[in-house]
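Residue numbering begins at 1 within each chain, and the chains themselves are lettered A, B and C in the order written.
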Amino acid sequence: MEDIFEKERIAVAERVAAEALIIDVDGFEGPLDLLLTLSRTQKVDLRKISVLELAHQYLAFVEKAKALRLELAADYLVMAAWLAFLKSRLLLPPDPSEEGPSGEELAAHLAFQLERLQAMRDSAARLMGRDQLGRDFFARGQIEVVERVKQVTYTATLLDLMQGYARLRTRDDFRPFVMDRDSVFTMEQALERMRDLIGYTGEWTDIVSYLPDGWANDPVKRRSATAATFAASLELVKEGHLEIRQSESFAPIELRKRTSR
Amino acid sequence: MTEDYDLKEESLFEAPPMGEQERMIEAILFASAEPVTVRELEARMPHGCDAAEAIVHLRKRYEGRGVNLSKVGDAWTMRTSPDLGYLMQKETVETRKLSRAAIETLAIIAYHQPVTRAEIEEIRGVSVSRGTVDQLLEMEWIRFGRRKMTPGRPVTFVVTQNFLGHFGLETARDLPGLKELRSAGLLENRPPPGTVPGPGDMDDEDDTNEGQSELFED
Amino acid sequence: MTEDYDLKEESLFEAPPMGEQERMIEAILFASAEPVTVRELEARMPHGCDAAEAIVHLRKRYEGRGVNLSKVGDAWTMRTSPDLGYLMQKETVETRKLSRAAIETLAIIAYHQPVTRAEIEEIRGVSVSRGTVDQLLEMEWIRFGRRKMTPGRPVTFVVTQNFLGHFGLETARDLPGLKELRSAGLLENRPPPGTVPGPGDMDDEDDTNEGQSELFED
């Protein structure tokens, strides 16, 4: 009689405990936290925990949750699958052909994770139990303002000085760098001029004769005008209005109008 | 040459007597709510002062008093004696209640620093919410450390001087139970069995060791 | 009768030893933001304490220290000793580069001393602001020289010993001449930077500076 009562009492206690766990499932911070809580029912040192037993408990818990149609988050189910796998590894004799870590290794790692998490929780509790600033010990209440005296020093090097001087003394040697438009004949100008002249040239003519009046004598102007005229000629050749030839290097460049076939 | 000159110059300055130097440090530390480094003390004291030595004397003087000198990182500060906390209800500042997740995250960072978010998650078995980290950053109890030399170069977290000051710790080495945890192997970042050590994992280990040796090993 | 009773009751409460009461007051005064009255001190201390007496002892203890007990109205507070007030300022020294106007003005004074302001302006081609001259005077790199014997008897400027010391010169005559500047590459045949806002000019100048500082620093 007594035995039956005893058994029933245990069964009730277990059921209450299991239901409490399930109802509290939102209170757990993930499967590892749940495993840690379950492991406490073993009432042994975490280092001596039976992972097989723990896997069993966890799977039973998940089963119950399913029976009660509680929705468990995916990571709880992932853990359940993994623990089922671990359980089989632990129960079956090791298969030498099988690759990967042994059940014992996996179990040892899980035990390590649980022990480490518990250790961090204990440490957190000890940390928060320490004397704290503003609660147990206090800083000076009447802070004296520290006046900040800012002192600015200026520096310059001898090089700065000399460069500064050099800059001043040589200013007159330079003038702002702008293109000297007076002696530049642009390609646009040359192109315009060539288009006008081209109609009159049936025969091969030296390109020099196309230079604008007054640009052939001044060397600077001649250089600019020659370059522009040559560039304009090439453009016109490309357009199909002109033919160009040069018998040899440095020989005169000759132009003539392209005759339509 | 310049060194010779400096030496001579220094000896020309008569440093104030040690008792006077003590007074100066007493005044400076008293006036400041924040810890003050030896370097800053000396910068504010007259030339030739030896703040470190004066602190030794001053600390002794305040031993057993209602106010004590304590070291936070490489700085010094004055704090009321913890056994008199009960007199200070008026001064007690209501600190924000930290969530369990925040407290655990803080402890993990303190004991495992420098530690990445992934490592924190590995230890806690759940993902770390942004809010938790933000809260700890905001309280200036944690800050970003240097990046890990692992793929992705993740940022790490370390605890700050504020953290040390709040919990009355001189260095992170003084965390309660640190030695026991380390000798029990519980501060190791043990990869799960079967994971292939990828490239950079070695670096990771080196890095971790380095970080911890810097912090925790003498 | 009642007095007798009160006396008895008081003696039932073991008041903390005077040394302990001193510690309490020390901690309270340290931590509070405002001066505290004797009445308030006693209200915060355990029953049977004599704050007034403890203050007498505590005040004596802090006599001549870096921090003193002082009375404000009928309240007590701890203050840093007035003679140490100079420690309560933090000096920061900021180094800035001299402005171009100041450098040019300084250079002209160095090369042409004694030189009047009008002459400086003529060489620079722009007027010299009062601030620039004042700054150089304040730095003690220039000083007033003797007046020119020209109409108006304008003052002149010369460089000081400080100037020579700073630039490592024995006399102003040691300043390199234009020819030397040119052979050192300081006067290249290109527009002086600044006069032409051409692209890349700024970079150019930096390059030159770097390159040449090597030349001149030895």
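Going forward, a contact is a pair of C-beta atoms (placed from the backbone, for glycine too) under 8 Å apart; a residue touches a chain by one contact, two chains touch by 3 or more.
Source: prediction; values computed, not measured.
*Asks:* Taking mean CA positions as centres, which chain lies farthest from chain A?
*Replies:* Measuring from the centre of chain A, the most distant chain centre belongs to C.
*Asks:* Which chain has the mean of its C-alpha atoms lying nearest to the mean of all protein C-alpha atoms shown?
*Replies:* Smallest centre-to-centre distance to the global C-alpha mean: chain B.
*Asks:* In whole angstrom, how far does the Cα centroid of chain A sit from the Cα centroid of chain C?
*Replies:* Comparing mean C-alpha positions, chain C is 43 Å from chain A.
*Asks:* Counting only Cα atoms for the centres, state how far chain A is from chain B in Å.
*Replies:* From the centre of chain A to the centre of chain B is 31 Å.
*Asks:* Using the touch definition from the top, which residues of chain C touch two or more other chains?
*Replies:* Answer for chain C, listing residues that touch two or more other chains: 27, 30-32, 78, 80, 88-91.
*Asks:* Got the chain A residues that touch at least 2 other chains?
*Replies:* Only 138-141, 144, 146 qualify.
*Asks:* Going by the contact rule at the top, pick out the chain B residues touching chain C in the complex.
*Replies:* Touch residues, chain B against chain C: 22-28, 30-31, 43-45, 64-67, 78, 80-81, 84, 87-91.
*Asks:* Can you check the complex and tell me which residues of chain A touch chain B?
*Replies:* On the chain A side, the touching residues are 29-33, 100-101, 105-106, 108-109, 112-113, 115-117, 119-124, 126-128, 130-141, 143-144, 146.
*Asks:* Name, in rising order, each residue of chain B that touches chain A in their complex.
*Replies:* Contacts found on chain B: 30-34, 77-82, 85, 88, 91-93, 95, 100-101, 103-104, 106-108, 110-111, 123-126, 165-169, 175-177, 181, 184-186, 190, 192-194.
*Asks:* Could you pull out which chain A residues touch chain C in their complex?
*Replies:* Residue positions touching the partner: 138-142, 144-171, 173-174, 176-177.
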